[in-house]
Each structure stands twice: as structure tokens, then as C-alpha cells.
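What follows is a pair of complexes built around subunit A, which joins subunit B in one and subunit C in the other.
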Partner chain A sequence: MFAAILVNGLVLSGIYGMLALGFALTYGVARILNLAHTAFYMVAAYALFFFLGWTGFAGAALLGVLVVLLLALAAYGLLLEPLREHEATVLIVTIALALLLQEVVLLLFGGHFRSVPALLPGYVEVLGVRVAQQALLALGFAAAVLLAAWALLKGTRLGLGIRAAAQDQEAAELVGISLSRAGYWAVGLGALLAALAGLAVAPMATLEPHMWNPPLLVVLAAVVLGGLGSLPGALSGALVLAFAEVLVVNLVPGGAFLRTAVALFIMVLVLVARPEGLFGVGFAEER
Partner chain B sequence: MLRISMSKWLTLGGLAVLTSLAWAQTLRIGVVGPMAFVQGAHMWYGATLAAEEINRAGGIQVGDRRYRIELLRVDTNEMLSVTDAATAVERAITAQRVDFLVGGFRSEAVLAMTEVAADYKRIFIITGAGLDGILAGRVDRNYERFKYLFRVSPNRSSDLARTSLLLLGEVVQAVRQQLGIPRPKVAILAERAAWADPLVETATRLIAAPPPQGYGAEVAGTWRPSAVATDVTSELTAIQRAGAQVIYTVLSGPVGVPFGRDWGRLRIPAAPVGINVEAQQETWLKATDNLGNYVATLSSLAPGVAITPKTIPFITSFQARFKEFPIYTASGAYGALYVLADALNRAGTLDVEAVVKALEATDLVGPSGRIVFDKTHDVTWGPGFTTGLGVQWVGNRMQAFWPRNWRVGDKVISYAGVRPYQLPPWVVEAWRR
Partner chain C sequence: MTGPLRVWSLPWIFLYLRHEVLALPGRSVALLFVLFLLVLPLFTQDPYWLRVLTLTAIFALYAASWDLLSGYTGQVSLGHAFFFGLSGYVSAILGRELGLPPWLTVPLGASLAALAGVFVGLPSLRVRGPYLSLVTLAFPIIALGLIFVFPKITGGELGLSGLPRLGQSRLQEYYIVVFTFLLSTLFLWKLGGSRIGLFLHAIREGEVAVRMVGVNTVRYKLLAFGASAFFAGLAGGLHAHFLRVVGPDSLSVFNSIQPIVWSVFGGLATIYGPVAGTFLLFPLLEFLRVVEEVRMVAFAFLILLVMRFLPQGVVRGVLDRLEETCPRCKVRNAFTRRRCRACGVELRLPEKEVVA
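Presenting the complex of A and B:
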């Protein structure tokens, strides 16, 4: 049982972490709590599904990323940037945007369940536990994307500019950083991560117009648990939630439906003890 | 100038009279369902097919008048909102002035919609929701209010449970005979929903009970994921670890798709059988990335299986017209229109009380079986009535495996086109002794 918990927990952490990363980045650097994040993930998955009918995986993935980037940047320019100072309004606008995307997908593709073929079909046995190869690919992909995002933010002038804008907007402007441009970059990067998560997770997910709802809850819980805006925090939150879920399924099979509820309860317990989340303060200081 | 105007007015007046006469001879039937989803779309298709056939044959003879059917598409949005569903039905009755209602899919929404129908004393023939309590406890206990409600499909949940347990018995027997395992282990995977609870309880008892009352098998464990879970990998690996050879599924929600996909992808060595509503649909293999082969479920129709003489002609016409294989809501709506037409014809009047009485006396063969209503206005389950089918996905197509030599008393029930059940090859490979 230990091996099953370990392996399944790690795989689920990779999927949740992939989704939580972009959300945390958008909030961390642009201070936008984008509740349409998982809707972008859904659009990427549907775009991949649609373009696979026309071209190969690489082409379809590229087109999917482009669609999401265009959508996100247009939404930022037209809807979010003018309202950026009003956090509650931004929150509501992003929910409205997510619902709008859901309805558009429903209109274009109907309510049928769809699937995207796995890049790596089949399974391998890890410590005697069967794991889909696609899940391992997603796990590796999540790790690579995390490293790339980290390198971009920490090791380039662009990353420095984005972080500076997030830390102190007036000071950043004084040294010649365009806040508007930094915002576009942050939202673009967040959307790119959502799209990449969509591409990695889509072959393991069931495509339907409400598929953005369940991960949104997990993503929100993961980033709040880890500390809003913290990238390592988001990943730690995803890890805790994933293992909590897998533990529930394995230890209380008859209560498997409680997996998300138990995970969220753990989040509440952690927040009671540490209101800023696991990495909230650490990340603020680090910035 | 005046004469020309007069003649124009006369012509227009004549047309208006003719139109109003034609209007008076039209029956407006509201087809209510979640039209953006396959369940609602197929209700509409099934009703459309029946209406076209009936109209082509001259309409419905009611007394000395003949009526054409006019269908109204009522999108209830019931998957997302029960309130929307009730409002849609009220609008259909008051604004669109429908005479009869056919459809309904989600049980919670159908409970609300049928309250509205009862308020307005409109006959509502249910074609998609299975909850027992939609009719039981309402029609029998408060007949005057709920006598307008009838159900042609599916069979009520408790009857679906009976069929699904018969299917489980077939698979347990296959494991015993083909794999040489005298006491197979059965895992129960049931979504967390009120309708599934009695099935879990009955299955747990029946699996462990010695034959002939039970199956003489062993319960390997019970897993209860959410009906909307998107990942059941942990449940499946736990089932594998528990050493189960069979998985009894009780899944009506979207969780059925990730179950089929993950089960096929991980080649879990346990044969799934029971209820998986998603596996009843033609889109099953597409939805599961072609990994859902060998999944077995209760269903109402299968390609090439003649449940009644009307089954194959219905499937053929449906596929020719809509290019899809019909699900149970399609055959239900199709059957409902014929049931209504037959009752109106026998009643000889549009008086709702007389039509209710005529509907109660229905005995009509539809595409999914013989439709006879019981005292709660529910379609009767059993051999010679409506039972459903056991279907399995084999070689990328759906085929029926039950009823095949089903013995009930001195009767043996088999439908033409039913083939033997096939254990998944990786289950055979893992367990053959």
C-alpha cells in the first residue's frame, strides 16, 4: 500500500503542480487572481483536440498555445489592465471570462465527452504499481517547465523586470520598467503555463465544457496552502493535496468521494496554524 | 379599386380561417431535455422521428378528427440548473401552449418539472430519468395530483439494479468457468449518490451469499468515488492490489469515462460489469481514447439486437436520419409519442382525464420492449416486458451479451443477435489457473 500511495501521490502532485504553477505566477508577479486560469487550460485542451484533426501533435500543440496566448493577452488588454487596481472587480471579471469560455466551448463542441490520444500510451510498473506512461511524462514535463520558469524569472533581465514590477511598482517605473509591458509578460507567462498544463494533462483528462471547475478548486487550494503567489509554495500545496487525496482513497476506500473534502480540510488546518500559507512569508522576503 | 380591396380582404380572411382550422387540428408536444447534451439531443431526435412517421401516416385519429403533431424543442438546461428546468416547463405550458410533455433526464430536475406539469394538469411522459421516487410515492399516494405522470424509459432505478446484478452474475460465472476460480473476488466501485446506495447494499449481500440465492463469491472491497471525479487511478490500483477479478460498477455520472480510460490504460486485471451510463453511448470509445473495450454495462439497445420487431427498424431509421446510434432517451421519446398517439386514439377525445385512463390501459410494443404501465404509471420490468440489455464493447463495437438463455421459471429468454460475454484478455492472462 505504501508504494501505491507514494507513486500515485507523486503522479497526482505533478498534475496538480503543473496547474497551480501558472496561477501562482500570474498572482505573484501581476497581482491578478485569475479565476479563468483553468478555463485557459480547458481551451488549450480543446484546441489540441480540434487541431489534431488537421495536423500532428507538435503543430496542434503550438496552435493550442497560440490560441490561449492570444485569448489571455486580449483579455488582459481589454478587460483586466483597466481594472487592475480593483482586485474584487478583476476577480469577478475573470469568473465571467471563464463562464464565457465554457459557454463558447459548449456551443462549438457540445456537451459530449472527448479525449485526446496519449503521446505515450500504456503503462509501466513502478515499485509494483501500475502508472500510465503519460502521467510520468506529465510529471517530467511539470518539472522541466518549473525549472524553465524559475530560470526565466531569476536569470534574465526580463524576469528581473517582472519581479521588480511586482515588488514595487513606483520604483520599477523610476528605473524605466514599463508596468504595462511587465503585466503583459506576467499574464502571458501564466497563460503559457496554463496552456502547457492543458497540453500535458489533456491526454489524461476527459474533455468536457465544465472540466475547468474541479481543477480550479484544487489550484486555489494549492496556492492558498502554499502561500499566495509563491511558486515553491504552489508546488508544495499541490504535493500536500495530492498525497492527502491518495491517502484517503487507500485508507478509507468507502469514503473515496471525500478525497477533495479531506484535502481541503487539511488546507484549513494548515492555514489556522500558519495564515500566510507554507511559503507565504518566505517568498515575500525572497522577492 | 374598392372591389379589388374587398377581394383581397376576402382572400386573406379565407386564409386566416383555413389557418385557424389547421391550427385547431394540431397537437403541440413539448420535448423537454438538456438539448446541448446527447441525452436531450437524442430525445429530440427520437420524438422527431416518431412525429414524422405518425404525421406521414395521416396523424392521430382522435374521435372524428385527425391531428398533426407539432413538436416544440424545450431546452431545460437541467444538467446545470434545476430551476431553469422548472421555468422552461412552465414557459412551455403557458407561453408556447404545449398540450403534452415528453422527456426529462436528470432525476432532480424531473422531480421539479413534474411538479409544474402537475400544477397545470399536463400529461408528462418521462423518457430519461430513473429515480423510483419520481412516480413511486407520488402517483400511488397522491393520485389526483400526480396521475398525469408516466414513465416509458428507463426502467426505475431498482429495476435497473436487478438487471445489473443479473449481468454481474453472468461475469462471475464466466470467471468461475473460464479461469477456474471457484470463489471470485468482486470489487464494488459505486459513485457516491443516493440512488447507488441500495445497489451497493444489495450487491454486497448477493455477492457473498451462497448459491442459488447469491453468487458464492467474495467482496474484495467497496470504493465510492464522486460522480464527477476526473481521476480514479488510485481506486483502480487499490482494486488491483485487493486481488479482484471482477469490478461491479455503479456509475451514472461523468466518472464513468475516466474509469474506462484509466482501467484500459493500466490494464487492470478485473472485468468491469454493472451500470456505466457513459459506456452506453456510441461516443464511448472516442471519449476513452479507444481504451474502453471490454467494459460491460446495462443498456437498452445494441446494434443488431432485435428486442422486439420494432427495434431494428427504429435503429435503422434513426441512424439513416441522424447518423448516430440511438441511446435510451431516443427510443424512450420515440416510444412515448406512439404511446401517446395510441392512448389519444383509444380515448377518442382530448379530455385529459380520459387520456390518462387510456394511457393507464396501454399495452404497446416499442423499440426497447413491451410498454405496460403499473399502478404507479411506471413501465413494467420483467421477461416479456422491458428488461434492458447487457452490452459489452468488443473489437471497437458494442455487442449484447444478455439476455442469453436467461431462465425465469419455465421461460428461457434470448434475443436474436446476443453473443457470449468475453473476458478481457489481460484478465484471462493474469488469472488463468
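Presenting the complex of A and C:
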């Protein structure tokens, strides 16, 4: 039981971590509460499914990522950036965008469940638990992606600029960082992370046009739990909520119904105790 | 207006109509809209359209209640469905277990929703901005989880059906809903324009500043939560008894998002904006059933387009083109006028006099 919780929790943490990091980047730099974030993840999974009929796995994955990147950058340039002043309007636009993507996918692929064949079929024993090799692959993939993202953010000038813009927009502008370019980079990176999460999930989960709903809530909760704008916060929030979810599903009777509820309840408790989240930097009083 | 005129005498009403209502396109449209709602059943009693309009009125009240809390006070609620659904469930359970009639259970459910609103509002004393929005988002989902865990009381996935009807006939139900809707939105609108509404606006713009001048913002924030939740609950109770079923759908995230879409589409912090948004979008969504396949695609696409070009909402965007404010006395005028109707100042300077 313990081992199962550990392994499943880690796999889920990796997926949520990728999504939450992308979401936090988009919010931190471009100040967009992007409710279409997990819709990008859904689109990536479907794109993988679609292109697999044409090419091999690597080619299909590449094309899927490209589709999502184009979509996200087009949406940002055409719709979101001109509206940045109107916060509520941006929120609605991202909702409408998510709805649009969902419905287009529904039109193209229909509502029935689809699945992508696993890249590595079969099971291995880890700590006495039978784990799909695909899950381990996803875990490794998530770890690699997160490490790469971390290296980019911590080790390059570009990453420095992005982190600066996330921390304090005015100060960043004063030292010569172009907020609009940082915005495009952040949205692009966010969409890329969402797409990679979609690719990692696709071979393990069933695809359906509504699959973006449940992770969206958890990702929102994780990002807020860690503190909006804080990137390590987003990752640790994802870790906490992923393990909470796995614990509830495994230990509480009727837990499957309560998984999201418990995740959000934890978020409420943390926020009441620490209103800026775990790693927040009190930027509610933005100048 | 010379000579003593008794306010509310018949001549006064005519003068008021002519000079204060018909002189402005926005108010004329509002008057026409109310008249349309009231006399529509004289012309058509098509059950389909009556049903659509009844539902629209219910949802317009729901959207207006969201606007009081989020548009005016700035406490953006992403979990308004909690109040809507809670009231519906309470009203349904009271009606089934105790056999009480809807005219008693709906206000009871709404009152309980108001209490819940104050409870949900408590974190707002500590948590702010997007954090608060996410806290409110949690409540309907926690409630949803509980509903699935206790299916005996709540009906689980299927919900509770066979609730008592609101009225004897479709027509009676229509009028009950329309009158509740009109009176409630009138109240909300007056509240928004009152001294309390001023404080709510001020809390949104800068809470610290409001506290500094000695306003008890805690009280006003909780009041906004309670009042907003009450009217959302009223809408939820009416919705449950009108459809005669209350299910987990009423607590879904989608149902929390709906009033936000309508309100932002219409225009925030106006009360009439959300009403207009609902009355434009909800029937449109019904109308789009003629192209069932691409219905939601067209709907989402339309919202994207409109919001891109009228980011302040449809009502503000259109009214700013139809009316303009007099530069001297700040009275609003129809765009056709050349002189202000109150102080006579010229609204636009002739082109040639503008010297560059």
C-alpha cells in the first residue's frame, strides 16, 4: 500500500508539476490567469493521437508540440495581449478559448474515449508494486523536462529576465527587460510545458474532450497553494496535492469522489493560515 | 417644468417619462425591455419560448447577484454555484422531507445561502485577490464531493426529482419568476447606487484607503457576500422548482463560470450589464440549436470576437456610442443632441473652431 502510494504519487506529481510550472510562468510574467492551460494539454494529447496515424512517435510528438505552441502564441498575440488591461475580460477570453478547443476537438474526433498505444508496454515490479513501464517512463520524462526548465530559468539570461519579470514587473522594466517579449517567452514556455505534460499523459490515460477539467482545478490549487508567481511554490504545491489525491483515493472509502474536494480543502486551509501561499512574496499589493 | 407638480401625480409621471426616460436611448431600451417581459404572454404563449425566457430571467438574477459581489466589491467569486446549488438542494430537501410549499422553501434556502455566503466571505478578511477567487472555487467542489458521498439524502448522481411546481401553469410560473427577477434586480441596482454601493465600489478600488477614512470594510464585505449569496440562492431555488429537479450539475464548475461569462459580456459593476448579457447570450445559445453540431463552437467564437472589440462589455461599449456625458454638468445626453438637455452647453465644438 505504502509503496503504491509512493510510486503513483510521484508519477502524478510529475504531471501536475509540469502543468503547474507552465501555469505559474504564464501568470507570473504575462499576468494571465490562463484557464485554457489544461486545454492545451488536451489538444497536445489529441494531436499526438492524430499524428500517430501518419508518422512515428517522435515525429507525432514534435508535430503535437508545434500545434500547441502555434495555438498558444496566436491566442496570446491576437486576443490576450491587447486585452491585458481588462483582467476579467482576459479570464472570460481564456474560458471561451478552452471551450472552443474542447468543442473543436469534439467535432473532429467525436466524444468517445480514445487511447494512444503505450510506448513501453508491460509492467515491472518496484518495491513490490506492479507499475506500468509507461508510468515510469512518464515519471522520468517529467523529471527531465522539469530539470531542463529549471536549468533554463536558473542558468540563462533569458531565464533571469523571465524570473525578474515574474517577481516585479516595474523593476524589471526599469533594468531594461522588455515585458512584452518576456510575455511571449513565458506564454510559449507555459504552452510547451502543458503540451509535454499532455504527451506524457496520453499513453496512460483515456482521451476525451473533457479531460482538461479535472487537472485544471488541481493545477489552480497547486499554483495558489505555492504562492502565485513563485515557481518553486508551484512545484511544491503540485507535489503536495498529487500526494494528497493519491492518499485520499487509496485510504478513504468513496475517496474517488472526494479527490478534488480534498485537494481544494487543503488549499483553503493553507491560504487561511498563510494568505500568500507557501512561498508567496506578498505581491497582492502590486504598485 | 413650471408650477408645483406633485411627485407621482399623473402629469409628473408623463413629464418624467418624456424628459428623463425617453430622452436617453439606454433608459428607453430598459423601459421597453421591462414592458416586453410583462406583456409578452399576451401575444404568444408558446411553451418553448416561455420556458426559455423564464430560465433566462432566473439566470439573469443569478448573474446580477454575482455582479454585486465581484463587479462592485471586487471579490471575484469563482464558486458562485455553491450558493445557487446549496439553496436548490436545501429547498428540495425541505420540500420533500417536510412537505413545505415552494414559496416557503425557496426563501428559506436563499436565507441559508446568505448564511453560507457570510461563511465563505470569512476568508476574504485574510485572503485577497486571485487567492480569494480560488478559495471560493473550492466550496462548490467540496459540496459536490459530499453529495456523491451521501447519496441517500442528496440523490447522488441523479439528484432529487419530482419537486413541487412553482405555480399551477406555465404562465403563472413565468410571472412569478419575472416579478421576482424584476424586483430583485431593482433592489440590487438601487443597492449598487446607494451609499452602501459607493462603499462597495470604494472597497474594490482601494480597500486600505477606505479603511483609512474610517469605514468598517469587514462589515461591508460580509454584507456583499451575504446579499449576493441570498439572490444567487433565490435564483437557485427558483431554478430547482422550475425544472422540478436539482442535481449535481447545479454545483458544477461550469455553473460557477456561467454568470461570469454573462456578466463580463454585458459589462461589470452595473447590474444591468449582467442582465443584458444573460438576455443576449442565453436565448442565443438556445437559438443556435438550429445548428446543433457547431453550436458551442459558434458560441465560444462569438464571445471571443465580442470581447476582443468591446472589452468593457456590450452594454458599456454600445452605450458609450449612443450617449455622451455633458462636459459641464455631467448629465447624460443622447448622441443626437447638439446641446446638453440640462444646462444647454454645446456638446461638441464645431469642427472649424478647433485650432491645432
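Definition applied: the second predicted complex is superposed on the first by the 263 of 287 C-alpha atoms of A that agree within 3 Å, B and C clash if a C-alpha of one lies under 4 Å from a C-alpha of the other, contacts with A are read in each partner's own complex, and residues count from 1 in each chain.
As a convention for this text, a contact is a pair of C-beta atoms (placed from the backbone, for glycine too) under 8 Å apart; a residue touches a chain by one contact, two chains touch by 3 or more.
In this text the structure is predicted, and so the values were computed from the model without any measurement.
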Review point. Superposed on subunit A, are subunit B and subunit C clashing or fitting side by side?
Key: fit
Practice item. In the overlay, answer first, second, both or neither for which of subunit B and subunit C A:F257 touches. Key: both
Point to revise | Angle at subunit A between subunit B and subunit C, C-alpha centres, nearest 10 degrees | key: 70
Exercise for review: Give one of first, second, both or neither to describe whether A:G111 is in contact with subunit B, with subunit C, with both, or with none.
Suggested key: first
Review point. Is A:E81 in contact with subunit B, with subunit C, with both, or with neither (first, second, both, neither)?
Key: neither
**Study point:** Superposed arrangement (fit on chain A Cα atoms) - minimum subunit B/subunit C Cα distance in Å
**Key:** 5
Exercise for review: Check subunit A for residues that touch subunit B in one structure and subunit C in the other, and list them.
Suggested key: 106, 254, 257, 260
Point to revise | Complex contacts: residues of subunit B adjacent to subunit A | key: 34, 36-38, 41, 79, 191-192, 221-226, 228-231, 233-235, 237-238, 240-241, 254, 257-258, 261-262, 265-268, 278, 283, 286-289
Review point. Across the complex, what residues on subunit A touch subunit C?
Key: 33, 78-79, 82-83, 85-86, 88-89, 91-93, 95-97, 99-100, 102-104, 106-107, 213, 217, 220-221, 224, 228, 254, 257-258, 260-262, 264-265, 267-268, 271-272, 275-277, 284
Check your understanding: What does subunit C use to touch subunit A in their complex?
Key -> 76, 123, 126-131, 134-135, 137-138, 141-142, 144-146, 148-149, 253, 257, 260-261, 264-265, 268, 293-294, 296-297, 299-301, 303-304, 307-308, 311-313
**Study point:** List of subunit A residues in touch with subunit B within their complex
**Key:** 1, 4, 8, 11-12, 15, 106, 110-118, 121-123, 129-132, 134-135, 203-206, 208, 211, 214-215, 245-246, 249-250, 253-257, 259-260
